[in-house]
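Same chain, two partners: chain A is paired with chain B first, then with chain C.
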Partner chain A sequence: MINVLRWLVFAIAAFAMNFPILVTLVTSFKSTRELSTNPGLWVQAPTLDNYLAVFQVSDRLNIFLYLFNSITVAFIGTTLAVMLAFPAAYAIARGKLGERTLLPFIVNLRAVPLIIFAIPLYMMFQWLALLDTRLGLGLILSIVNLPLALVILVNAIRDLPGELDEAALMDGASRLQILLRVIAPVCRPAIVTSLIFGFITSWNEFLFGLMLTTSKAVPITVGASFFFAASGGGVQWGVASAVMVVGALPPVLLGLIMYRQISGSMTAGAVKG
Partner chain B sequence: MGTISLRKAGKQYGVIDIIKDLDLEIADGEFVVIVGPSGCGKSTLLRMIAGLEQTTYGQILIDGQDVTAAAPVERKLAMVFQSYALYPHMTVRQNMGFGLKLAKLSAGTIKAKVDAAADALKLTPLLNRYPKELSGGQRQRVAIGRAIVREPVGFLFDEPLSNLDAALRVDMRLEIAKLHRTLGATMIYVTHDQVEAMTLADRIVVLKDGRVMQHGTPHDLYEKPANLFVAQFIGSPKMNVLPCRRSGDSRLDLSGEGIMELPLTGDAAPLQIGARPEHLSLVAPESGHCRGTVEASEYLGGSISVFVRNPTLGLINVSAPADSAFGIGETVGIRIDSTRSSLFDGKGLAIGTAPLTL
Partner chain C sequence: MKTQRANTSEFKLLATPLVLFLLLFLGFPAIVNLIYSISDVSFETLRQPQITGLSNFVAVWNDNAFWQASWFSLRFGAITALLECALGLFLAIFLSPLIEKRSWLMAILMLPLMVAPALVGLMYRLVLHEFAGPVPYYLWAWFGASLSFLGPTSAFWTLIVVETLQWTPFALLLFYMAYRAIPTEVVEASAMDGARRWNLLWYIELPLMAPTIIVALLIRFIDGFRVFDNVYVLTGSGPGGSTASLSIYIYEAFFKQGAIGKAVAASVILFAVSFAVLYGLNLFAGRRKGALT
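Up next is the complex of A and B:
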């Protein structure tokens, strides 16, 4: 009896929290005609028309370009952030460089509303000819991702015994070799975690995508909004839902596949051994 | 070759002296153990020799070459850490071969050297395992193996056995002693465990507050401690130190509790006499050098550690034969073997060698 109650509570909570996703998913399989007659959570005549419409490449809309843009900028924004944060984290954790001021300062960047950077960045990007480029958007995303990556990596390196570095020094390793051949492999779970969090953040980023791109480098978050009124005359709910499902799929899949890596590294720091 | 010399070497953190004006000459093939209480600077000293810690002033020479400013690898020393410090993402084979790989040796040479070292340390069946799959003792052997393959001029051990349990520690101690005999390399070994120091060392260096209190063979330190600190630090259970004063030419007055016959030279004026528990014996109350009441006793199997209270001299620890008969609260006499006792002046420095040459 207790067990049944427990599952009931769980089911209600799961339903309530995932309601928006369920509605979007269901709507994406409804035809335009059914949408106006059936507001319920079931589909009478499932159709893939909305998805076909989404994958239709036209002069104005190109979902493949948006997906490609998102993957590229997320890749740049994530790897660059981790590549910059990793040596910095080593210097902070081991050399105690910037531990007092630099680390809190960088971490605090996360607390500042990103919109503050919008206008100056637009001017800078215009001057540097980075507007509407994947590289430009990727660079901004690396700045957005850097603080979290830095915090994760500093903590991971702090947890490693300093004798590991010293043993490598005695073995004749240079600082760079210690970093790449000893610390990096040992910190792999933390690095993977930073990469995943960075990728998800980058993928979901909307503000800079909206501001800094117009056509060539539009990411999926911004591109998806183009579909809402694709043929004019009100929002096409079916197509809008389908594009949202397509856009949300990559990070969801990544999260599911990498879940073990994330949870593994989260506890690795907490429990020594 | 592997001579290591420290000339007036020192280490300061800010204004605090960790190691002060230290002179030490270590001969090729010598096994030197550095002992001292926590915070005496013994690990810092080892790390200065290794090059992991910068030397603030003075010189460190290896085989006559000044290496004070040299990088650790240029000193051709190998170090075994207390925490083993194995690379967790590498197998035993990769751990042992890492230094050779960095030195850009060929894969064949690396394999041959690692195989030879693994064979000597009985690590061959473990070569493809990862450190997390090994026991503490096995990990320590891998750490030693990693040191051996590089054929260093000297080995540095930083409390290598303190993470092992008691039985394993004895085994590994014997293994390290054997290793020293077979390799004949210079070894410097830091420990706070004086049993390790006594059993392993050709020479012990006793350190306190960054200064050498005494160095010499285990026998010298045990029999002829240069000062009270060494006298009480070396030997277990601790040496008894009793207040006394000179009384005439060849007599020592145990603070009014008894008189000892001792040939004292010149104008030596000892204020303390040190006697190890094993050099004291329980006798009838009227025939000892002093007397007291038995306060407690600890049965150790081979002997009994008896604690005798004397109102003036304090608590005296006597090591008595296991079959001794006495009761708690009983008054006993204590006989001091005057030929094995040490005398100290008011500053705690040993006086002459007269008691030892009797």
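Up next is the complex of A and C:
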């Protein structure tokens, strides 16, 4: 009996929390005519017209560019964060370097409102001609990704037995060689997890995309909002819904496939960080 | 020992790229922030700021909108953190017998975490739209009345609900993990002693989960306090600046009003307060850890 109640609570919670996603998905399959008469949660005559319209490139809107920008900046932001964090994580975990300075500083970055760095970064990017470039946005996203990547990697290396390094040291290997040949292979799951996390975070980032890009490097989160800017008569809700579905799909799919790893390290990052 | 020292320098070398990167992209901006906050600067004199003292800080201090935004951020962070953690705690414990057997249920509950907050905000523009949105539609159909969800009186609570529904899964996930990590022997032993289910929860399980609850409250408060994306796309700074968070206040001072000095001074204040609070928390956490071991 209590189990029926549990299922009921689950259904209500799942429905309420996923409600905007559900509505958007349903709306994306409605024709323009149906939209004006039926705002409800069902579709009378499903159509793909909205998706065809989304992938129509015009001089004002180009979804392929936004998606390509998001993929590129997420790739830069993620790989750079891991490439910087991995050797540092090794130095922190094994060399006991910066355990009380560097590590807490970077972990605390997760809690700092990043807007406080946004204005000087905007000016700096103007001087360096990095405004509205994929490289520029990618560089900033790597800062956003650093805290979690570092925590995940430090924890992973701490869990490894020290004999691994010592055996290799005896053979005369340098620390860099140990890092690349011995530690990296066994840390692969942790590296993959930080890459997935970084990708989802980067893809979903909005503030820096909004501030640092205007046309050439606009990511999908910002580009999607362009579809809401009415061109003539009001927002085309069907097209706007379709663009949101397309923009939300990559991280959602990734999250559904990898949710076990993600739930594990989300808690690691939260509890140990 | 010689090898020891060689070791340390090798480690230092490995950490160097990260440190240099941070100095360039956080250290340098922090210095720019400090200099500009005490200068008279506009978009025309960006490269030659005239140091004038604390006038920017005075301007921020006397700006009602700044205090309104601070109050919004504090209230928004506190209310959403409490709601998310209360809901998440209930769901985690009540649903755990279901999720234990079928982990895909958790995947469904975690789904909102994967969607960009900016997109979720845009989605609610559709959900709450007076003609195209299903919520007003069903409210009219069933009750013959609807609210103006993003109007001056209800915008704040609408935003609270939007934020809470998206991020409750985060608290739920944390609490579910902590709940599952409670050793079964502890629970069994108390049950043997005849503890009632309710007492077991109150005196054994919740105290064991307390550290996780504190961490979750903290993380959610911080994220609520610095909120930008979903609020910005839904209401912007709202009617009369009523839904401007501190992040939105700084953004608009810079990009909409071109008041660089004010924006930068507000950044510096936020910077100082954040670091003071975080430093205090770290001290507190460090002492707690020391007491435990």
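Simple rule for what comes next: the second predicted complex is superposed on the first by the 250 of 273 C-alpha atoms of A that agree within 3 Å, B and C clash if a C-alpha of one lies under 4 Å from a C-alpha of the other, contacts with A are read in each partner's own complex, and residues count from 1 in each chain.
We take it that a residue touches a chain if its C-beta (ideal position, glycine included) is under 8 Å from a C-beta of that chain, and two chains touch if they have at least 3 such contacts.
Remember, it's a predicted structure, so these values are computed and weren't measured experimentally.
When the two complexes are overlaid on their common chain A, residue A:I191 makes contact with neither chain B nor chain C.
More residues of chain A lie in contact with C than with the other chain of the pair chain B and chain C. When both complexes are overlaid on chain A, the residue A:V54 reaches neither chain B nor chain C.
In the overlay built on the shared chain, the residue A:M124 is in contact with chain C alone; chain B does not reach it. Residue contacts after overlaying the shared chain place A:E166 against chain B, while chain C stays out of touching range. Of the two partner chains, chain C is the only one that A:F228 touches; chain B does not reach it.
Once the two complexes are overlaid on the shared chain, A:L212 sits clear of chain B and of chain C alike.
By the touch criterion defined above, A:V23 lies against chain C but remains apart from chain B after alignment on the C-alpha atoms of chain A. When the two complexes are laid over each other on chain A, chain A has no residue in contact with both chain B and chain C.
Of all residues in chain C, only 7-8, 10-15, 17-19, 21-22, 25-26, 28-30, 32-33, 36, 46, 91, 94-95, 97-98, 103, 105-120, 122-127, 129, 131-134, 136-138, 165-166, 168-170, 173-174, 177-178, 211-212, 215-216, 219, 222, 225-226, 228-229, 232-233, 246-247, 250-251, 254-255, 260, 263-264, 267-268, 270-271, 274-275, 278, 282 touch chain A in the complex they form. Every residue of chain A that touches chain C in the complex is listed here, in rising order: 3, 6-7, 9-10, 13-14, 16-21, 23-24, 27, 35-36, 39-41, 83-85, 87-88, 90-92, 94-95, 97-98, 102, 104, 106, 108-109, 111-124, 126, 139-140, 142-143, 146, 174-176, 179, 200, 203-207, 210-211, 221-222, 224-225, 228, 235, 237, 240-241, 244, 247-248, 251-252, 254-256, 259-260, 262-263, 266-267, 270-271. Contacts from chain A toward chain B in the complex involve residues 161, 163-164, 166-173, 177, 182, 185-186, 188. Only residues 50-52, 71-73, 77-79, 81-83, 85-89, 98-99, 102-103, 146, 150 of chain B touch chain A when the two sit together in their complex.
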